[in-house]
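Here's the structure we're looking at; comments come further down.
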């Protein structure tokens, strides 16, 4: 019954920056890297979150509005309600992987990186954010022994500019089998174009406005205007959030 | 033996198989309707649309429980003015596939029903479903019109007058004491078909949270738990009226669909199965139906319609 | 911490735990009622009895399906004349156990309801349940009185007048558009409590046999599939009236019982659980309730009544 | 879902006497000796029957009225619908077993005898019936190597009189650990008295008018007047059909 709510206790909180928290929950979750959950806070609301760690089950929460801030007000011992795992995650294809994250897009890439490590694959990570503070968890990748390149909008850390620029550089410098990405829609659309030009296989985790999370309400459709490779009527919660393109 | 024939007709509309996408389930955009047509539906129903845009209820709007689903989406829709364009677009996408398109409408008054119906009829869907039975908008609209045979008939007449030649199907609610009576009233008022049933009002409570799970508290039950309720309603309707019935509620397998038809349905609505069986639900159910028909040596699916009452 | 208190009262009747044997389930004889009292029920309800003896429907009268049970027993009962003796005998057996006894009655007319009630009241059960909602005898009696608030109120008044001081609970049906309205009507007419809900009309069809499974074709759904329907009805009733509710439908576990009470029930009917959980159902559910209350640090089960509406 | 109906094909029919047939169904049934099933013939009715063989699943049907005669009209290849196994069967207690059957009461004793054989137990079988023809399946027990004593009302086979008389004899001649019986109510009531006098453990399969078969309708209560050892409110379909008495 993946579509029902189960209670989970908050076991640890680790503040990554002023608005971002790593939430460690009790137990593990039987999920694939890239799957997501719906989190319900009774009386407050329900929103989708990537699974940032499978065992222990963790979330990476950026406080941007009412729901995420309510999550950040939780204390150790408090409870949240979890529906999931939902959707379809990444499949670890290829030997040389390029991981690209924008903002909290790091979250689903962490379990993916772990899986790649377990298989001894070659991984380069590119992370983009507004500024130095909001680059999320480069150390999570570095601790696995992977190289991390960073861009910030204001140049306060790594290269100044968009993450797409270091992706282009990376693609020029070496060969990759698959590009994995999660981040804002604009970033993914740009990356899709780049991958198309290079005929590079990719797996993108799309975000969209989710309501039911079960594939029935139709709210989370991602249109082909965002990526012409998407099939017609593609639902982020049901067919995705990960879309796999193999040329 | 040749493969059994699974064509059915709802009045003059021919479906290459009896499976109809239920309203509100996945088919909220022209592209999603196209997707379901490509996935093998015999016909598709668009999400119900009303006079004005509605954002619907806040989350949680849906949950699975042990024996079904529950939802209180709250009739999210762009309003009829925009819907007209969407239906037109969907129609263009579906025409080459030869998949009939059923528009679905709701409103808060008898007059508004007529107005929405008239607006939609301009873009000529193959059929218009008159949703008088959504349980999730009671706070806004009061009791559904499906609650009473008189109001159900009034809405039917109002819509029928507005749509000209376009056939209409009236969608009924299970939480009534005598659905046969209501079916008779809407058929006398001009309904060309009946869709039965909409979801059953229900509530989930999470004991740990000591709260209803849905933001709207109550919602509509769909999926497996609904099937015997639907079968009962379909049987009652089939014995009360002659028009085709689109039997809907808890159909997950070919056997479920067969049962619906044996109870009296001519076509079979499929909604929650898209969760339970995944994106191939239509092809899976169709294959299972054909296997059943072959095993029992039926030559055409038409032979089983209403069969449970005949033996 | 001391063990949470699980006493509840329905008016002046004190139950040592909230679990009430639902009418018609196992409790058809004084010895069976005694058995259930010994098995830990907080109160027991006798099988509904009517003016005349009824053998009920031919077999099959009951079947399990994937998500619940369905039955069309057809109100088998020995008629009120004989029932009076049985209730007297049951009362004598239950008195030493301090288990309240609820008699249950039905009839085909408002007047007959009064007559049956008067006859039963002579042997002074602790309460009389007025079953206006059996879905399985429509061929004999027409639409249940629970279908309409006016007829529901008429029956309530007729019974109330007949029984003197004995409190009455009116048993409502889920297949109505507005159960809160009906609850209000019966409470205004004198009901001291409400039992909600009776079974939901449904039908099973066996595709291989191309037949309804039950001899009576339709029957009443009970067990797991009924729970969210019951929760919705209880919540509606709790918000419409102040009298205690015996929340009934699909309670299999302590958590289910807790949910019923959070929705607004003061006591909890248990029927189908005797199939699903076996003869120890009452003790199992009770132990699970106590464990839940302890885990969540409630001191008494009274604290959770209606809690889902309060947060 | 033991309480739903499943379709089974009739695979063999073997006429035991003019009114009695051994019905072999497709497959086996996951049951204990002494459990029963409800058989549904659509359009005709539904009645309880003992499981006369577990693998293959067989019934022993005596044609006495409309339903049993309808069963006897079935041909190989026809279908019946089965709800079950239901109730609680025998538990093979003790080393020296006395099996007592009246009429179709042989049916549940056959799988019991097989189980006893598998455990190498000592078994004596007493069967009673109206006449020679209606003694049911003594050979089923004899083929297992067990001794069978028979009584008939008319003396046309074995001893003349009731089966209780040979049971009394057997109890005088040897020691038994448990008496197992199935047959008409009168026979069981008489046997209960005998067992009480001998303080002999017993397991009786009771019959009663069954409707739901699931323990909910209350129709199959067996009153203490039939056997004072029965608990109050004992239901044949739910607590039984087998009642175990240990002194």
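We just call them A, B, C and D in the order they show up, numbering each chain from 1.
The criterion applied here is as follows: contacts are C-beta pairs under 8 Å (C-beta built on N, C-alpha and C of every residue); 3 or more make two chains touch, one makes a residue touch a chain.
Remember, predicted model here, so these are calculated numbers, not experimental data.
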Co-neighbours of chain C and chain A - touch as defined: B
Steps needed, at fewest, to go from chain A to chain D via touching chains: 3
Most distant chain from chain B, judged by the mean position of its C-alpha atoms: D
Chain C and chain D: spacing of chain centres that average the CA atoms, whole Å: 36
Where chain B and chain D are represented by their mean Cα positions, the distance between them in whole Å: 51
Chain B-chain C separation of Cα centroids, rounded to whole Å: 33
Residues of chain C engaged with two or more neighbouring chains: 65-66, 208-209, 211, 311
Junction residues of chain A, two or more chains touched: 42-43
Topology of the chain contact graph, where touching chains are joined (line, ring, star, complete, other): line
Pairwise chain contacts, counting only pairs that touch as defined: A-B, B-C, C-D
Residues of chain A touching chain B in the complex: 1-5, 7, 38, 40, 42-43, 45-47, 79, 81, 83, 211-219, 221, 223-224, 231-233, 235, 238-239
Touching residues (chain side chain C, partner chain B) in the complex: 65-68, 70, 143-144, 146-148, 173-178, 200-205, 207-212, 217-218, 221, 224-225, 228-229, 231-232, 235-236, 255, 258-259, 262-263, 292, 296, 304, 307-308, 311
Touch list for chain C against partner chain D, complex: 24-29, 31-36, 38, 47, 56, 58-66, 69, 71, 73, 76, 206, 208-209, 211, 213, 215, 271-272, 274-275, 279
